[in-house]
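Chain lettering (A, B, C and D) follows the sequence in which the chains are written, and residue indices restart at 1 in each chain.
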Amino acid sequence: MNVTVIGASGYAGAELIRILTNHKKCNMVHLVAKDSGNRTLGQIYPALAYAAGLKDQIVEDVGDLFCDQVFQEGKEGFIDDADLVFLALPHGASVPFVRQILAKGKKAIDLGADFRFRDVATYEQWYVKHEYPELCRDTVYGMVELNRERIKGQQFIANPGCYVTGATLALYPLIKEGLLDLQSIIIDSCSGVSGAGRGAKEVSLFAECNDNMKAYGVTSHRHTPEIEQNFSEVAGEDVTINFTPHLVPMDRGILTTAYATLNGKGRACDLEAVFQRYYGNEFFVRLLETGKMPETKWTQGTNFVYLGFTVDQRTNRVIVCTALDNLVKGAAGQAVQNMNLICGFDEREGLTMLPVYP
Amino acid sequence: MNVTVIGASGYAGAELIRILTNHKKCNMVHLVAKDSGNRTLGQIYPALAYAAGLKDQIVEDVGDLFCDQVFQEGKEGFIDDADLVFLALPHGASVPFVRQILAKGKKAIDLGADFRFRDVATYEQWYVKHEYPELCRDTVYGMVELNRERIKGQQFIANPGCYVTGATLALYPLIKEGLLDLQSIIIDSCSGVSGAGRGAKEVSLFAECNDNMKAYGVTSHRHTPEIEQNFSEVAGEDVTINFTPHLVPMDRGILTTAYATLNGKGRACDLEAVFQRYYGNEFFVRLLETGKMPETKWTQGTNFVYLGFTVDQRTNRVIVCTALDNLVKGAAGQAVQNMNLICGFDEREGLTMLPVYP
Amino acid sequence: MNVTVIGASGYAGAELIRILTNHKKCNMVHLVAKDSGNRTLGQIYPALAYAAGLKDQIVEDVGDLFCDQVFQEGKEGFIDDADLVFLALPHGASVPFVRQILAKGKKAIDLGADFRFRDVATYEQWYVKHEYPELCRDTVYGMVELNRERIKGQQFIANPGCYVTGATLALYPLIKEGLLDLQSIIIDSCSGVSGAGRGAKEVSLFAECNDNMKAYGVTSHRHTPEIEQNFSEVAGEDVTINFTPHLVPMDRGILTTAYATLNGKGRACDLEAVFQRYYGNEFFVRLLETGKMPETKWTQGTNFVYLGFTVDQRTNRVIVCTALDNLVKGAAGQAVQNMNLICGFDEREGLTMLPVYP
Amino acid sequence: MNVTVIGASGYAGAELIRILTNHKKCNMVHLVAKDSGNRTLGQIYPALAYAAGLKDQIVEDVGDLFCDQVFQEGKEGFIDDADLVFLALPHGASVPFVRQILAKGKKAIDLGADFRFRDVATYEQWYVKHEYPELCRDTVYGMVELNRERIKGQQFIANPGCYVTGATLALYPLIKEGLLDLQSIIIDSCSGVSGAGRGAKEVSLFAECNDNMKAYGVTSHRHTPEIEQNFSEVAGEDVTINFTPHLVPMDRGILTTAYATLNGKGRACDLEAVFQRYYGNEFFVRLLETGKMPETKWTQGTNFVYLGFTVDQRTNRVIVCTALDNLVKGAAGQAVQNMNLICGFDEREGLTMLPVYP
């Protein structure tokens, strides 16, 4: 199958290339990026390019992604030549591409936020005005472990946010089973710096981030409503949470520590069984024994999520920790998992990389 | 004034030496450590020793700190020569020294946990059996901002735990003012690796910690009851919390993110005034404007605590972040602050170092 | 083919497991380590074990590797069941195992230093007394790019040292072509901390290595005579060099900067052609355009070596930089490359992993 | 004495502020920077600003530093109010300021490269055309240990480059004593990322630099001719060297490994005496025992240089390692040392900070 990657110069784009290179069913026909200057992949990601035999592959420049010029000029080969297109773009930027891709009958997976919200008003409240609201309602949200059957066979998938994946997988089985006080949920997460992208910003400099950490976007981070959408859908009622992201000096990885009060409808000892029931057969979610907690480095370069939990009998709270690689299960890996599902491939194809440790 | 540092080979001990070297009222007469092999400070901490002119200073070996042999052998000069002794030892190890120091009429500040709990049963539940329980009840707990007047003039002070300092300063004013739902408190903290000490352990290796993070001691960390003791004392009733520490790849620094639900007795807009009232004149606690959040690197090498907070109107929770250097305000710096108070020195003496940034 | 890994609890052993798990021709029948306590791989390397489906695989304890007890007790299944054994042990420790393995007609690849030297006296001068000197002379040294044809079909291979691989590949083509002043060679290398192994030592602690670097083993590092052996063999005369290793705060990677004076027998502009002739068809050695220099992160988790060089017309020196992953091309990857050669497999089998970047 | 810092928003500027805040003879009257937007120091360097009591201090914007507009508009108060001005600007930017400062009879110390070269042609060959060549010849070069007596009482000093300081101090005593083969000198250096400044560049991002290292500017780095100027002046003849800088994932620190062949005019055992003679009374240069090598972290936040060396009897080469903090002894600290000398203050004033370790 022919695939195109739009946004190939960013970290998620690079990770898509890494995974797709070893995917048995895919042939990358075009790499595309905003302001790439038509440089080669060898110039943009030498490591990846040399190792993957893509040193001289052009990363096609599509200029200002927000305008329709690219289509007016007839430079649509990167869509026409593909059966499926991955979009790894900042929010807002995918819309014009998605219109064209779907109109041409191609499949697409959008790693950005634009089509993750069924309720356009929520998107517009936390992001910006939506330019393609009518597509939102019916777009299937690609959190595989939550939504697998609905994903299969779709033309278009909205790939979840990185923090959202760790937070949702941490608590949704307990919410689904009605075991939690829904007013009590707090999600405290820490991310490596690659989550901030490859853009040259002072706050992302080595000398600013190294040996340093901070909370940011407290009460205002845009992954908040996406986590709430997932929890609300599972709960069958509106759930409001606190979500606090932190920046930590590591390249990759998100550690989520989720807190919730048990509502007394289940015993603490039932929780392991619940998690086992939901995740026991999930290849990419690995349960730890009760009380053992995961480390982000275990997931480095892989599509795995590790989950550990403890119940505090003194406060009646459950604390669940998940670890994942924000660029893989939190972005490109989950996108390929979605591709595998909509295309009828083995769900694990291309995704069985082992972690690089240490 | 003559001071001795027991535990001079650990990181907190080294930090005491760094601070005391530039302290105008102190003269370090003895450096002492367990299993130091009577090596020089130049061999143990070359950087510190060369710069401080202490290259050939012997770090006296007191062998197995748990036995009384040192006293039987009459090697008590390190106590006799001092007016004040700092103890930076693992829990349990201070007891025999404290007995002797106090019996000899010397002042002491214990950086360990042994005398932090007024209720010996709590200590014994979370730590081990206590060998000197009768001293616990009346020992003054050296969290300066909480307890300044009681500290002045004391002979013996129990210096607070590193996490405890960040957690307590984050919330105690709001608790004191009766603004919080006391059942709702969650303390989520992240520490640099120096907090694990200089002991050679696999889990503290560079290749294990670098590019990695994890939660540890979830529901069981020994700083939990100490935070609870502080909050309970301030609240005038028993407070039970959740405390989750994490290990983060940085040398120094603790970032604490504290969550609590507002109980409706005060408006969100009052909180800034409360913090201002409690900390506006505290030299070592720096308030940030509402919504701004601190970074651990700001505190590197200093005795400052930075505090920022936000109220989430949607959930009615306040989120307070504090940042401090675990080896300074979280250990040696606060210990010197306590010394300054009990000895009648300027509270800031020796503690006005500016941060090394970046 | 059945393989056993002895030394499975170290970083090189873990890397062997990572590579062999995805190797199409290999079946790992035993994992063995000194003092493993018969723990599972899930306890020793959870990340690797979960992802590879080896969570409950026992890492068999062979006790004190320097004694022959293991054989006396008849616990030789880990050899008998294997067609080939990898040894990833400290120097000196392989000898009793190698004796038995070869006597039983099995193949072996030793990642340690014991059989790298054809001249036992050199080994004994830099290491310790050799317990199996008669095997040294004829053991083939497994630097593939130097020695490929001799390696094929061997029973036993001595795998090169990590620094040695980067240094040898940097200069051997120029030495072979007679272009260098052989008295002028200086090898300056920097390694990530995983090179120091997983042993719990104070000098390898995060807080000691982070934000720090130093030279070590200056004029005395044991890889010096191994580099000299390679250069001497290629030159046809004795070559003496300076080799200075440094420790750098990164998990993996060796960057080697090699300096040598051109002897006037070739023009500067010929060098690119020389490197092209030697490495143009080497899959695992990637030449950069003249003047471009490699980065260690490009090699993270891969078996690739990157090489860049520049000639300084002012001093008539060539400066060659190589980058590699010390645990892959510098250890486990090169060992598997050797296995592929002696067993007649495709040389690249199991070794085409792409780099994890960033 | 009143001082102004131009370039206060960069890392060297911040370090000047850190040092000057605790300097007993100085009063900072103006902080100035290009494109500062007249923000406060609290906005630019919160850590420093809060701790130093400079939260609301304006960092005055002088716009495009290359034009003379600032003078035309009469905004010269930042010069007029000062007795001495520090310039911490990119090369080329200091010239118009220096003209005015000197014309007004004020003292100045330029941390940039513009006035480091006595031979303008050398500057113009490696940098750009010089706009104030007539000042170059007589400007005194502020490498204190080399030039102390000439520095005293000057009006204007050119502060040395960071790499240059480590390289020059490593070898100049041996060159001065005529012990080295002057054709044989190789300087291999590694720097932390703060050396690249606070500019937002992709190559300086955390995710690009972390867990990574590389050589850069090989044979072309602009500190090469400055090292050569120093060595040539000391040798009394032209010295040409190789200098290779590397970027290493740490905030601060330069480790220099210098190689040179002994020319037989002195015995290896004389070297310690030579270094002792030159540096035994230098407060900021600390000699290690023969064979011991320094670590960059020892110098963190301090003005110290550590020097260790070894002679390789096999190759007749001396290997000298120096470690320093690139922002202190490599920039701001040495600048203050120069200020102390030209103003007749105690040379150590403001510079006795102890290292933050770990």
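What to note about this one:
Just so we're on the same page, a residue touches a chain if its C-beta (ideal position, glycine included) is under 8 Å from a C-beta of that chain, and two chains touch if they have at least 3 such contacts.
Not measured: the values here are computed from a predicted model.
Common partners of chain B and chain C, by the touch rule above, are A, D. Of all the chains, the one whose CA centre sits at the greatest distance from that of chain D is A. Rounded to the nearest 5, the angle that brings the Cα atoms of chain C onto chain D is 180°. Put simply, the C-alpha centre of chain A and that of chain B have 39 angstrom between them. Rounded to a whole number, the gap between the C-alpha centres of chain A and chain C is 37 angstrom. Chain D has its Cα centroid 45 Å from the Cα centroid of chain A. Multi-chain contact residues of chain D, defined as those touching 2 or more other chains: 11, 192, 194, 207-208, 210-211, 249-252, 295, 297, 300, 358. Chain contact summary for the complex, chain A toward chain B: residues 183, 186, 188, 190, 192, 207-208, 210-216, 218-219, 240-242, 244, 246, 248-253, 255, 257, 259, 291, 293-297, 300, 310-312, 314-315, 317, 319, 321, 323, 358. The part of chain C that touches chain A in the complex is made up of residues 11, 14, 18, 21-22, 45-48, 50-52, 194, 210-211, 251-252, 286, 288, 295, 297-302, 304, 306, 352-358. On the chain C side of its complex with chain B, the touching residues are 11, 192-194, 196, 198, 200-202, 204-211, 249-251.
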